[in-house]
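Okay, so chain A shows up in both of these, paired with chain B first and chain C after.
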Partner chain A sequence: MHIAEGFLPVGHAIAWFAVSTPFVVHGARAVMKETRENPESRLLLAAAGAFTFVLSSIKLPSVTGSSSHPTGTGLGAVLFRPPVMAFLSTVVLVFQALLLAHGGLTTLGANVFAMGIAGPWVGYAVWRFSQRLRWHTNVGVFLALTFADLATYLVTSAQLGLAFPDPASGMVGSLAKFASIFAISQVPLALAEGILGVLVFRLLTEVALPQLERLGVVGKREPELVEV
Partner chain B sequence: MHGLAIDRIAWSSPWRVRSVRDKAALSLGLLLCAIALPPVPGSVLAAGVGLAVLLGPIGVTLRQLGRIGWMPASSILIGVLTVALSVSAEGELRVQMTEAGLLQAGGLALRAAAATLAMLVLACSTPVVDLFAALHKARVPAALIEIAALTYRFTAGLLDNAGAIHAAQVARLGYVSRPAAMRSASLATGMLFLRSWSRAQRLEDGLAGRGYTDNLRTLDPRRVRSATFLALTWALLASLVGVAVAWEVVR
Partner chain C sequence: MKKSTTNVLLAVALVALFAVSFIVGGARTDPEERFTGTDSAATSQIEEANPEYVPWFAPLFQPESGEIESGLFALQAGIGGAVLGFAIGGLWGRRGAPLRDSGAKAASIVPVTTEPTP
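Showing the complex of A and B:
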């Protein structure tokens, strides 16, 4: 769910750019540090960016009868950490604007804040919290992805509510209006993305355990001693 | 999903030979006019110029425009309808359409449509690889551009993979029910993650074998930088601002 090109008033567009820039610069520095220390990781980061972009082609069933697509930022935050996702989300959002006309250049700051900063940080915080409480990995992944998606949708609703206060009920009414209209598709989508994340994570632990260990998502397992 | 239709249009556009500086000045200038000037006449004029440039010199056909325009159009429509509705909860919940809400929604629709057309002026005439070259010239750190460039290169292959996986799953009745659709979507997502990962590792191995230690630089053909084009762009933008200001004064 992105805010369309030209949708925000000039002042709001500039303000959201100003708010998002420090996070993206921090993310870009984290990416540059990572590539300086491990030059081979630039290809993996690029693969992660492409993966996030291509996720928009995966259709998820929705209870409203329509279908939507995962944002991928929750999964990305769990796998690659939120600062990296702030930069990668910016790249992906620019590509989505220029290659798919989805989102926009003037609304980039607002969309980056919702999808590349708020979503990943909320998802990652939930993931860390669940790990600290030693909840089952599946529960942690489900909650992380669901809350990342919900945070993205709520922040987008708040951004639109701030920009277009309702003539009768003001900003609060406008926020409630946008949140309730988008909830029809976004709440089921968040739950679906959570379930999808659990299935994907289980698949990855079966077939891509070395990659997950290398990313530090799961702890390294000691090789089992086999008695001969 | 229409794949990378906009990028395909950009690769074959007659304006591809123009410099990114010239096209960006026109596109971003129109974008600024679309969102900063009053919707009537500012956004209307910006939309008209954007549409004329897209269908004229950039060479986009009406069919192509319809194909690439449905996604932003539906996104704008949902947002505009939400703005048009007014909700009040005094006593009982009331959903209504007020004149102020309709006016705001109409202006918003014009502004968003004009801004989208302005953005398409750049997107439909400039392949993304040309933007990377322009970013190099603007001294953006090479490591960041390279990650963006590699992301773009991986994207094309992965989109083909995603399409092939989806077609195979549909042929195996993978989306006939909700549980089957969730299973198919999760398998597709997992497979795409693994393929993107293995593709990156294979590219890394191949480049390491060729002594790759630095940036992946590609040839950047010379582009036409036209002072006349730039002057006409500034004149056009100035006249849009002038008409908008005159309109307000006359009103």
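Showing the complex of A and C:
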């Protein structure tokens, strides 16, 4: 999902910066507010950020014969709502742009929109939807992480489709071409990210149940109803 | 189902998913272009379809070789892993302690969370 440095026309690069900046500023405020008002959630917030940091660094093989990396943004979106992920993803993407020449400073706005805004919001929407239908928490977490990951790659495809329309088939054709590079490769990775997310979430409910209850991620339960 | 059984099954599913990806992905491609990154594939697609496009900005710093690059990726994973471990370790140490801001409600959770886990 990293659009390479310089690989968006100037106008597009500026436009994506303009779109993403308010989300990132709002996200930075949300992070500060959370750590100030609830010092208890600092460790959990650090865990969510670290999860994204690790997952976005690991390139994994896919069924299509190419390799790609997960994003890990769905977990933080489920725990702390999506705004914090706009900020945390920006930290990750700046690190990769500066040290790894992966992604870039000029394409940062577009990449932040795909990974830090679109992905987390889609994941969060799926999470809320599954909660409303009273699906099991594990199912909700799995779907949230999987869809956050897939949405990020679809948005990247759309961004590239907009920037480089196909001479014959236009933007839609170009989008389809980029989606064919990204989307199918991403399916097994997104599923894997969902499974890993469920494992981490189960670990967190083990070690941080009071924090998760306060955040409203898991419902408050009477002690005798909690399975141990 | 026991909690630990579910966790083991999830871990097995995770490994199986990658084993299948690896075998299927490997069988479908030539050895030379096997498992290239989708990000670089997208860049090649742009270059192919738009030969007149000239990237207008280059990375300020570029790892000089694949080895250095993978080392820096490992550094990123290492930092993330260390922070994740620290955070979970910290939470683990605090397990069962009531939250500062909601003492009364959190107190009802204490009997559960202080129970030793197998």
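In this section, the second predicted complex is superposed on the first by the 178 of 228 C-alpha atoms of A that agree within 3 Å, B and C clash if a C-alpha of one lies under 4 Å from a C-alpha of the other, contacts with A are read in each partner's own complex, and residues count from 1 in each chain.
Going forward, a residue touches a chain if its C-beta (ideal position, glycine included) is under 8 Å from a C-beta of that chain, and two chains touch if they have at least 3 such contacts.
Quantities reported herein were computed from a predicted structural model and do not represent experimental measurements.
Peer 1: What is the contact status of A:L196 with respect to chain B (first) and chain C (second): first, second, both, or neither?
Peer 2: Both: A:L196 reaches chain B and chain C.
Peer 1: Is A:P210 touching anything from chain B or chain C once the two structures are fitted on A? First, second, both or neither.
Peer 2: So A:P210 only meets chain C here.
Peer 1: After the superposition on A, what does A:G173 contact: first (chain B), second (chain C), both or neither?
Peer 2: first
Peer 1: Is A:F147 touching anything from chain B or chain C once the two structures are fitted on A? First, second, both or neither.
Peer 2: neither
Peer 1: After superposition on the shared chain, which partner residues are touched by A:A47: those of chain B (first), chain C (second), both, or neither?
Peer 2: A:A47: touches chain B and chain C.
Peer 1: Look at A:P39 in the shared chain and tell me whether it touches chain B only, chain C only, both, or neither; answer first, second, both or neither.
Peer 2: Once the two structures are laid over each other on A, A:P39 reaches both partners.
Peer 1: After the superposition on A, what does A:A4 contact: first (chain B), second (chain C), both or neither?
Peer 2: both
Peer 1: Have a look at where A:L100 lands relative to chain B and chain C in the superposition and call it first, second, both or neither.
Peer 2: Both partners.
Peer 1: Please work out whether A:P188 is in contact with chain B alone, chain C alone, both, or neither, and reply first, second, both or neither.
Peer 2: Touch partner of A:P188: chain C, not chain B.
Peer 1: Go through chain A and flag every residue that touches chain B in one model and chain C in the other.
Peer 2: Of chain A, residues 2-7, 9-10, 39-40, 43-44, 46-47, 49-51, 53-61, 95, 97-102, 104-106, 160, 164, 166, 177-178, 181, 192, 195-196, 199, 203-204, 207-208, 211 contact chain B in one complex and chain C in the other.
Peer 1: Report the residues of chain C in contact with chain A in the complex, numbered from low to high.
Peer 2: Residues 3, 6-7, 10-11, 13-14, 17-18, 20-22, 24-26, 28-29, 33-43, 45-46, 49-50, 53, 55-63, 69, 72-77, 79-84, 86-88, 90-92, 94-95, 98-102, 105-106, 108-109, 111-113, 115, 117.
Peer 1: Can you list the residues on chain A that touch chain C in the complex?
Peer 2: 1-7, 9-10, 38-40, 43-44, 46-47, 49-68, 95-102, 104-106, 153, 156, 160, 164, 166, 174, 177-178, 181-182, 185-186, 188-189, 191-192, 195-196, 198-199, 202-204, 206-211, 213-214, 220, 222-223, 226-228
Peer 1: Note which residues of chain B are touching chain A in the complex, please.
Peer 2: Touch list, chain B to chain A: 1-2, 4, 6-7, 28, 31, 34-36, 68-69, 71-72, 75-76, 78-79, 82-83, 85-89, 96, 98, 100-101, 104, 108, 111-116, 118-120, 122-123, 128, 131, 141, 143-144, 146-155, 158-159, 161-163, 166, 175, 178, 181-183, 185-190, 192-194, 196-197, 199-201, 203-204, 208, 213.
Peer 1: Mind pulling up the chain A residues that touch chain B in the complex?
Peer 2: 2-10, 13, 28, 31-32, 35-36, 39-40, 42-51, 53-61, 70, 87-88, 91-92, 94-95, 97-102, 104-106, 160, 164, 166-169, 173, 176-178, 181, 192, 195-196, 199-200, 203-204, 207-208, 211
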